[in-house]
Structures are given as C-alpha cells and as structure tokens.
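This is the structure I have questions about; it appears just below.
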Amino acid sequence: MVSLDQLKEEVKKALSSGKVKYFIGYENIGSGWQVRPAFIRQPEDVDRLVWTPACFHNLVRFLHDEKRRRAREKNPDIRPVGLVVKGCDSRSINVLLQEKYIERNDVYIIGVSCELTGVINITKLNQHLNGLKPQKVLFGSKGTFKVIVDDREIEIEAPDILADRCLECPANFPVIADVILGEEIKRNPGNRYQSISAYEKMALDERWSFWQQQFSRCLRCYACRSVCPMCYCDECVADSIAYAVTAETTADEKAQKTRWVERNPELSENIFYHLVRAIHLAGRCVDCGECERVCPVEIPLRLLNKKMEKEAKELFGYEVGFDPAQPPLIACFRDNDPQDFIR
Amino acid sequence: MAAEFEPRIVAFLCKWCSSAGADLAGVSRMEYPPNVIPIQVMCSGSVSPLYVFSALSHGADGVLVSGCHPGDCHYIKGNYYARRRLALVKKLLEYIGLEPQRFQMSWVSATEGVKFSQLIYDLVKELKPLGPQTKFRRNY
Amino acid sequence: MMEKTILKSSFPQWIKSLQSFKVFIPKRENFGWELSSNNQILEIASDYTYPVVPPKKLIFPQEEIFFEFEQNPDNGIELKEVLPEESPQVIFGVRPCDGRAVEAMDLVFGGSFEDLYYWRRRRQTTLVGLACHQPPSENCFCLSVEGSPYSEDGLDILLTDLGDRYFVKALTEKGEKLLSEAPSLFKEITPKDREEKERVHLEAQGKIKRHLNGARELPEKIKAIFDSNFWDEESSNCLRCGICTYLCPTCHCFDINDETKSLAPLRGRRIRTWDTCQFPDFTMHSSGHNPRPDRASRLRQRLAHKFLYFILLYDRFQCVGCGRCISLCPVGIDIIEVLTRARNHGK
Amino acid sequence: MKRTGVFVCHCGINIAGTVDVKKVAAELAKHPGVVHAEDYVYMCSDPGQNLIIQAIKEKKLDSVVVACCSPTLHETTFRNATKKAGLNPYRCEIANIREQCSWVHREKSKATQKAISITRGVVEKVRRNESLEDVSVPVTKRALVIGGGIAGIQASLDIADAGYEVILVEKSPSIGGHMSQLSETFPTLDCSQCILTPKMVEVSKHPRIKLMTYSEVQEVSGYVGNFKVKILKKPTYVDPDKCTLCDECTKVCPIVVPNEFDMGLTGRRAIYIPFPQAIPASYTIDEKACPGMFDTAIACGKCADVCKPGAINFDMKPEIVEVDVGAIVVATGYDLYDKSMMAEYGYGQYPDVLDGLQFERLLSASGPTGGRILRPSDKKEPKEVVFIQCVGSRDPELHWPYCSKICCMYTAKHAMLYKHHVHDGQAYVFYIDIRSGGKNYEEFVHRAVEEDGVLYLRGKVSRVFEDNGKLIVWGVDTLTGKQIEIAADMVVLAMAIRPSKGMDELAKKLKIALDKDGFLAEAHPKLRPVESMTSGIFLAGAAQAPKDIPEAVGQASGAAAKAMAILSRDRLFHSPTVARVIRNLCTGCGMCVSVCPFEAISLKEGKAEVNEILCEGCGTCSASCLRNAIQVKNLTPHHIQEMIKACLGG
C-alpha cells in the first residue's frame, strides 16, 4: 500500500530542504472525492495532498509550463520541480528525457506503485453504483477499491471499474524515480491491445463510419493536446493556437508558416488534426489516457494512440518510455523493417 | 453516359531513383495513364506524413510515395526512415477506414522505367472501382 | 402571455405538428446529452439533464460562412454573400440558464450594430425552455447569478414537468405560435396546475447546492486585485484548452479567416469560427507581442469578462451559473471557488 | 503580388505532339501571379533562352517556370539564363512535361490537363522560392593520409609534390606496408624492396610530409575542407634521433616473439626494428612483450643498459596530436584472410602449409632463409609444391563471395620463382580459372606454364593431410574428371584479401560506409571510384577492394588529385538548398541529428544547427521533425503543400 503519510513526509522533506522549487501532487476538489493537480509550495501545505484512485492526471505535463517559465524569466530558479508519478507517467518522463526536453535534474520524482490496481474510470464507477453518488473513492485491500456511498463502505474488485488503460498497462511501477512508494507487485498482464481489437476486426467501412461519427463531433477545444505530456511544441503543426513568433521572426518566416488544418471544425479538418496527432504520438505516447479522459465529447482517442503503440511494437519491436537512451521510433530503423506493403 | 471515373494520384518521387525511373519510362516511351501528378522531392525520406494527409485532404484519390530500393538511397538511408514512417501512416489510415489502395509506397530505381509505368497502370486500375476519395477530402 | 398544460402522452403529437420547423430535442449520446434534430425523438427523456454543448451552437454555430469569393475572367474578385438558410427551428429542453445565456448573447450581437448572421438564426429560433426539477449538474449555481431553475429570460416557452403533463407558459409571440400549431392538444390550466408548478419551482430551487455569495461585489474586487499575483496561483494548473469557453453558453468570441479553395481561378470563402480567450494566439499580435502572455492573464480575462466588463456594459453577469466549466474542466478549476477566493483575497 | 513568367516548350513535336502547349500557356496565364506566359518551339535554344531573358527584363519577372524536359537535362541551362537576366538562378524552376507527361501519354486533352497541373504546382513552388547564394567555407590546405603502404605513400608524395602539406599516419612502426614484405613483383619480376625503398626515403625526407608512424587516428570531426583529427602517437620508448641503429639492444633482449614482418616464420625481440630498411630507421619496444614495461613484472632494462647513446626512454607516454586538415585519403590496405578458417587445408596443423605472404618471405633475399626455399619443418628443399588458389575467395557459401583479384598473378609468380630456385622441383597450381587481365599479365602466366613447366590443374582441393612426412593433397581435375592425389612437400594457400584489421572502427570514426564485404564503399562504383560518400574523404588501395600494386598506385594518385582539387581552392562552394532550422520552433529533441546521413546537424544550446557544407539537402530531417522546425530551403513543407493544392486544384 502506498502510504499517504509517507508521501507527505517525502514532499515535506523535499520542500523544507529547498531541494525542490515546488511540488505537484493531487488534492481533493472541495469536499468531494474527485481530485485535481495541486501545487504545493510550502511544507505546511503538504496536508492538502491525497493519493486516491481518482488521481488520473499525468502531472508530467506541467513540466512544459515550468520550461516555458524558465525561458521567459531572466534569472530563473532552476531547482527541480517535484512530481508524483504513476508508472505510465514515469514513462512519459523518460520520453521527455529521450527528446532532451528536460534534463534528469529538472525533476524530482516521487514514484507511486499502482500495485494491483490503478486509477478508475468514472463512467464505469457510475455504472457500477447504479445512480448512487460516491462520497469517497479509496484504495481497498489488495486489488480492490473502497467506495463510500451514503456512509456505507462498498468494496469493488479493481477490474470492474479500472480505467481501460490500467487494464492494458505494460508496467504498473515507476521506471524512473528518486523515491518510490508502494510495492512492486507483478500484475497479470492482460491483453495490452484489448480495447482496439474489436475495431481492428471491423470491416473497413464500418470502421470508417465509427471514426467519422467520432471525429465529426470534435469541437477542436484542444484539451487532448493541452493535457498531453508529449504535446510540448510551442506551435503545433496541425493547428496552432499558439504561434512561436518573436520580434526576431521575419516576415518571410511568417509567410512560410504552413496551415495544414483550417480553423473550421468540419470533418476533413478534424480528421487531419487527429491524424497528425496520432502519427506524431507514435512511439511517444505512453498511454496515460489523459486525452481521452478530458475530451468533453468523449472521442475515444486512446484507440488511435493504442493502435500506433501496437504497430510500433509489432512492426519494429519498439516500446515507449522504458529507456531514455533509445533513439526515437522514427529516428531509427532496422535493415529488416517490414516492407511487404511496398511495391 | 457518364464519363468513367478518373482517379487523381499525387506521386511523391525521389529525385535520384523514382523520378529518374519515371524519366526513363518517358525516354523509352512506355505509355501509362495520365492520372498521376508527379511531385519531385529530394528523397523519399523527406516525405512527411503531413504531405500524405494534405494530398488526401485536398482531394487526391490516391497517394504514392516512391523511393530508391533499400541500399540504393542516394542519401544512404533516407528510404529506410521513409519505410518506417510511412508504414505507420499506412496502418493509421487503414485503421481510420481509408481503403488501403489509396496510399501506396514503392521502390522504383532509375533503371526501372518499366516498373514505374506498370505501377501507374496498376494503381489506376485499383483505384477506379473505388470511385472518388471523399472521406478525407475538404468539402468546400 | 398564455398558460396551458399538455399531457405528456400528447407531447409527441405536438412535436409532429411542427412540420414547418426544424425541431431539436435532447438525445442521449454516449458522451452525454445532445440537441438532436433527427426526427426520431418525440419526447424529452425524464432523466434529461442538459446538453453538453449548449444551445448557443444552434444560433451562433462554431462555423459561419460570411461570403464566398471568386476571381472573375477580368481578374477582379466577386463576392457572393452567404446567409444562414431560411429554416425556422425550435429547440426543446432549453434549461433556464441556457435561455438566459442566449439573452446575454443577444446583447452582444445586438445593440447599435446587429450581427446579420446571428440575428438571422436567432429570429428563426424558438426556445422552448424546461424548468429544472433537479439541478442538471452538481455544480449548478444559477441562483447566485440572478437566475433560477425556472427563469423565463430569453425563452419563448417555459415548460414545467408536472409528472404526467407539462405546465406550458408561452412567453412570446413565437411561443404562442408554437402552441397554435396544435391548439387541441393544450388544455386550460387549473389552479391546481399552477399550485403544483409553484411547488416544483420552489423545490428545485432548494436542491441547488452550490452558491457564489456576493457576486455583485465582484466587479470592484476584480478591479482591486487585477494586477495581483492571485491569478498566477489560481491558474497554475490551467492547461490552456478551450473547454471552459467553448462549452460556456454565453462565451461568444470568434475568429475570422479566409479559406482558399482553389488558386486558378482564385476561389474561397470567409468564415467565422469560435475562438477563445484561453488560447494563447487569441491576443497574439503579428509582431510577436502578446498582451495576455500567460495563463494567469487569460484566466483573469475569462472571469473579468463575465463578472466585470459585462456588468459595466450591460449591468448583468455574463455567467448564468450552469456549472459546465466546473464539471468539464480537466484540472478542476472551479469558477465558484476562484471567485470566492477572489472576494476574500487580501481580507 | 508575385510576378511569375511561364515558358512552355514545344520541344519540336516531342511535347507539342501530345500536349496542347498553347492551352497550357493560356491556362497558366490565368493563374494568380502569373504575368507572362508563352510557348516556343525550343526553349533551350539561344532564341528560346533569349525570350526568357527578355521577358524577365521587360515584365520585371521575379520568378520563372520553364515547362519542358526533365530538370536533369536543362535546369542548369535555364538557371544560367535566368542569372544572365539579372534574376537569382534559384528563382527558376522546371516543370517536367516531357519525360513525365508528353512522352508517356497519348490522349491529348488528358496529357494537356496533366501538363497544366504539373506546371501549376511548380508555379506555386517557384513563387515561394528564396533567392539563394551558394554557401562557402574556407579550406585548410593540408591533407591527412591514413596508411603508409604503397597507396598511402604514393598519395602523400603526389599531394606534397603539388605543394600541400601532408600528414601521413601509419599504425605500425614503419611505413612500407605489405609491399615491403614482397620478394619480386609480377609481371616484371623486379625486386619489390628496390622499387619501394626510394619512395619510402622520399617520404621521410619530404619537407611537406609529416610522418607519424606507430600512430592511429582516434577521432575525426568537422567536414570537408575543415576536418579536425586527433591522432594517438603510441610511445616507441626509443628516441629515433638518438638511435644509431647499432643493434646492441636486440642482442641482450631476452624476449622473443613471432616476427610479424616474416609472417611468424622467425622470431624477433621485444625491442626491434621491423626490417633493416624501415622508415623511420629506429627501434621500437613492443610494450605488450617487454617485461620492463610492467610494474608488476620483473624489471629488465637490459636494452637501456647497453644503449650507449641513451636512446631508450621507458617514460615515454602516449601523446594525442590534434591536426586540422582539408581532405583525407584512406589507404589502410589489406590483411590476408584468417588462415585458421581453413582447417581442411591443415593450416596451423602442418608447418609446411603456408600462405602467400609467408612464401614471399621464403623467396625474399632478406627473408628467414636468405632467399632459399626451405621447408619450415625440416629446412629441406621441397621438391613438390602445391599452390592452391581462391582460398576463402569466390566461396559465397562458406567464406567470401568476391574474387581477391591478385592471387592468380602472384601464384603464377610464386610457382615461377620456385622453379627458378629449385630447378628439379615440380609446382602444381589448383585453380578455378585464371584471371590475368592486365598489361603483360597473360603472357606472364603463359611463361610460367610454358617456360617453367608449372602444372596447372583446374579444380578444387578438398583436403590436405600429412602422411609419412608428406602433405597429401586431394583434389579433382575438373577438366578430366579425375581424382588427383599429390604427395607434396609444401602447400601454399592463396588466401582471400581482407580489409586490414581495425578498419571497420576507423570507418566509424570517419563516418564513411563499408560495403557488404567490409571494404570501404566508394561513392559510385563507376563514376566516383576514389571518393567515399562523405565529402572530402577519399579512398586508395586495397582498403576499397583487392587490387595489385599498379592499381593501388593509380587509385592513390586519383585520390590525391581529388584531394588536391579541394586543397587548391581557397573556399569551397556548395548548393544552397540545404536545411535551415527555425529556431523558434526547435525544441532540441535531436531527431534530425539522429536521422541525418551526413552528420550535418548538431545540437548547440538546445537547438539544432545545420552545417551547410555537409548538408546535402535530402530533407530527411525535415520529415522527421514533428514541428517542421527544420526545412530544406526552397523545398519546405510550405512549398510542398502549395504544390499539392495547386496540382489538385485545377
């Protein structure tokens, strides 16, 4: 079991020793059971911290803000930022290291083991509770969740309400950390590609009609991109809502900016945007599932990223985020990469 | 009677092998259907997935990327990167529901004029029955 | 003003009678409720809450074509006006907050300059409100922003669910016209109907859990703390996505772009699309200077627009308390909490 | 608004026969930004070019598209014309409507439509082209030659004679290479040492050659015209300036190890001079063999005791020398294929089974036997000697598929010289076929057969084994189909030629490629045989492929000439269509650095930086960049997108 007290203790130590600039963990939203990222700046604030099955957020994403802040400030405080990370989150740190976006000592990592569980899926929880409103959602004893409803305690087997990504997780233990809380417990690996198998089996037109429906309701609010630990580009090639323009940018450079996707939210543009995102995440996505979770119209974005994850593994033997020293998927090749599709 | 559907194919040809192979097809007067619009690039390795998506979005019925055979790349290894990158693109497009015939890759060397001309024949033949590509095409 | 009742069993017939309208009714989708015009649905589901994407999208769509342009043979450019098509529409199930939101948008797109495209759609739209029995979300706080679960503002009709029937209050001519499409279905009200309706309204009011106290003090307070670092801390986990604004029923900011369809001859169109103050490029100047360069200034803009500028302009809040921005924020930024802390800041 | 001119060539009827060129010009005239469009029968002719020049001047064109044949034919022509008209040549582009259109289609309307689409695309490209100037860098007028065999010696002398400084690096203590081990050379049978030694001396005396023996290239960075090379100078522990070559040291040295110069047929001391004519003429202490070099071993120091001039210095340390050079010639030579791979021929088991170089040493007057042919086992003169060709070569299943090229000739020479020494002896040669292409080579082989009675047997040897003091050779004569058994006194194996040991690592340091057999890969097998794929690095001698002395010398002179072509210039110029980094967008992820085949990109302060001299403009970096932060000038993603739009929009 991950001990919250121990977590608080570690964070307090890191803050009071001045080792970290600030610490990002999770706190409850109001008095409810849901949580949000919490920025802890003072040792006395560590009591805000929680560790529950609702800690979905991949906090690694906030390193982008820190990097941008450093670039803006004249004499930035370059102490590391402290983070709580799960196994998947830790792999996204490895990808950022691999891509030299951050250095190892930019981040102080408190890794937490997901042990036999992980994070929950709210829809599954609501379905399970059949209309009842939970007051608290906690980790139970081995492999269960404890949900408090109407002051009663209900024990739920983890697989019943676990997020899909957790069911398909290749490593429930942080692969990089300064401190690790909880035990490394090998979990029975399920089918890592379970969620996409049904779609792979569909007939082509059936698949198209599925995806057409999904993409046509995209609002292009860019929450998927904004929450993604890998989407750190200052200017997105697909459709930028931020332009990396400075006083030094020449008129030519501005004129040469390519607009691949128009701003209109029609199907063609939505598809283009999501295709670019999927292909740019190939070999980089750690399946933290955040894009899918935040989508207000619930486009199943994981299905895209998971497909790319599977192809990278099956075609090129490539696994994401376990080794920060490996070359990026598309920046390397093997002489015998498959080419049966080439005429 | 309505005219037969004529697919429009955008072909990204590497300068040193495939475009030279297409030139050889020309020099040898090997006829092939006029449905392909060649865009010469320096190397198949320079073909970004964005180019493929863009061609589809602008209404191409088919996209071809053609480079040097493995080991023959003028730039030593550009085609190996292309092969890996575009394999993923192909998988992705098909997963979304695009007909596999609509995005193709080939190795055509500077001596393979015959192969190039045959390839275009085949592509056109495969694309005709599919009709226009409307899935990714812009509507306005 | 006309008050009637209609049996729920007659409701489908009413819908069917609206042949000359495009009718939108809430439909359950896997991601939540959507206003759908697929002609299949003839009643409002009893567990309907509110649509994820508010009704504004039917009046102020995410994409509006202004005009098309085309090069003519003598190389001049011809413009062709594109206007929203003539098609009267009825939206059923508009929650009172969303109705008030439309009224707020009317102020923005009306006044001394009327937005042609907005009003063409707006005038063709009949909003059939549905008073809340239950707060549609746990984050509802309409009472704090001068609204209520049975507010009539902006609506053409307000329905109140009385179990087997709806209490129907036609508020405008447009509303009355809708009733006249099937007059036989509507019954005269009885005092009991009215009594019951009042009870439902009051009960609903009592069920609202969340409150933003002292909202009218906020304009002054926001001014006072405008330059403080309060906003930095509050925005520290903001992702700069567009959820809070795109799904806000009152947010109405837009961007205008030209899209080229072909080069020879030159053909294209000018379109308006939603935009949001939460995107960094919203205030980006071509020089590279951005007057709102960070998340703090963007969060402040969103709240100041709703609780300061709008009040100065129109003497009302630009927030209707629907709570969507709270429920949907991926990182739990809660407008009630932020404003409450703002009010208490420095105390 | 851009002002583009479009010129459509008829190419006689080559284009106009299938494409309605008038229509192409008329349609393009309507394209936005096109202010001039015309057609002409032969655009590449002088009048045609003049039309372009005139239009540029009169209509103030800022970009030009010529719709004509393939750019491989006339791009340069039209760019020169553009330049003549005062417009930057990179503002001219070619639309290929002949090879890729008119010549391959029949239906005129469709071919015309296609020509219009192609030309539209190119118009959209050219109007976004920048005016570019060739990039240039200064040149360090000094060459590095790696390898001190005959190829390296020749290249060094040629370059130095032309007036440039040369640094010649040799890993062993003396230059000379394998040629110094040879007895006589085919087909003239002149003494190898006699023709080599004067060249070695010339190297040592040349004022512009800096000779660094017992040295190895450790690190290479930079690029053509501007390489930075770190050279490790290993300690010899003997000061060559003090050494008088008195040879007292070797007499007292207690350690004997196999002598590599004699291919292990004799021994040498731990302190040694490789051979009497070695350059530099000095001794070296083999630190791997000398016990005095290790703290833990018994200190010996006997050599130092007897060295009167005090030339021995045990405190000598390895030294790293850094040099700047403008060009590099790689001439690292060959080694023989490892004989232990040939168990069926009994090598290593039987002392009288030798390889070609060992037999050279037996033939050499300075060799272990003073030039007499004696069996290593019993020092008796062999009366029956079997020579086996293609050992390890031309054997794709078990060994190497290629022909080692020189073995036919040297085996003929060996057999002939054997007969000259042992008149009553019999030489047999097993061969697959005889390859004697080369001046006077065929005649030479005939002399061996006809004048010296060498018996050539066409076939392969299956086994060699010892029986009763004789080496029994089993083989088949494939001409007669008969089994052959020869009881020989000596067997000489013509081993395959392999690249010298350590060359693969050197190639990595130089960032040059190897071919499938491990030799250095040339840039083009026919047209660029002395160049590597890396600009400024040239290949000479057997490191590139097996070759004989005249070929190695010839290639060395070729490589030297190529190197001099660089060194003779003050600055190098290079096509400007290279990659450029948009620094605002670059996050320094380094993907472009990994994919660049030319090592042209590096990370500086967290951003990619392109070395414009090394960049070949292939664009692989650009496609790998997730942010389009690196783009090839005049073929940016923006260019491509606008081309796509224009091609499909018509």
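Lettered A, B, C and D in written order, each chain numbered from 1.
Here is the rule we use: a contact is a pair of C-beta atoms (placed from the backbone, for glycine too) under 8 Å apart; a residue touches a chain by one contact, two chains touch by 3 or more.
Bear in mind that the values here come from a model prediction, so they are computed numbers and not experimental data.
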Most distant chain from chain C, judged by the mean position of its C-alpha atoms: D
Of B-C and B-D, pair with higher C-beta contact tally: B-D
Centre distance in Å when chain B and chain D are each reduced to the mean of their C-alpha atoms: 36
Between chain D and chain A, distance of the C-alpha-averaged centres to the nearest whole Å: 50
Whole-Å gap separating chain C and chain D, where each centre is the average of the chain's CA atoms: 73
Residue list for chain B, restricted to those that touch at least two other chains: 49-50, 54, 77, 81, 85, 138, 140
Chain A: positions in contact with at least two other chains: 237, 245-246, 248-249, 260, 262, 266, 330-332
Residues of chain C touching at least two other chains: 259, 261
Of all residues in chain D, those that touch chain C in their complex: 27, 30-32, 120, 124, 645-646, 649-650
Complex interface listing, chain B residues touching chain A: 49-50, 53-54, 57, 70, 77, 80-81, 83-85, 87-99, 104-107, 119, 122, 135-140
Chain C residues within the chain A interface of the complex: 30-32, 52-53, 62-63, 233, 236-237, 239-243, 246-247, 255, 257, 259, 271, 273-274, 276, 279-282, 284, 286-289, 293, 295, 328, 330-334, 337
Touching residues on chain A, where the partner in the complex is chain D: 99-101, 232-235, 237, 244-246, 248-249, 252-253, 256-258, 260, 280, 327-328, 330-332
Chain D residues within the chain A interface of the complex: 128, 130, 582, 584-585, 587-591, 594-595, 603, 606, 624, 626-628, 631, 636-638, 641
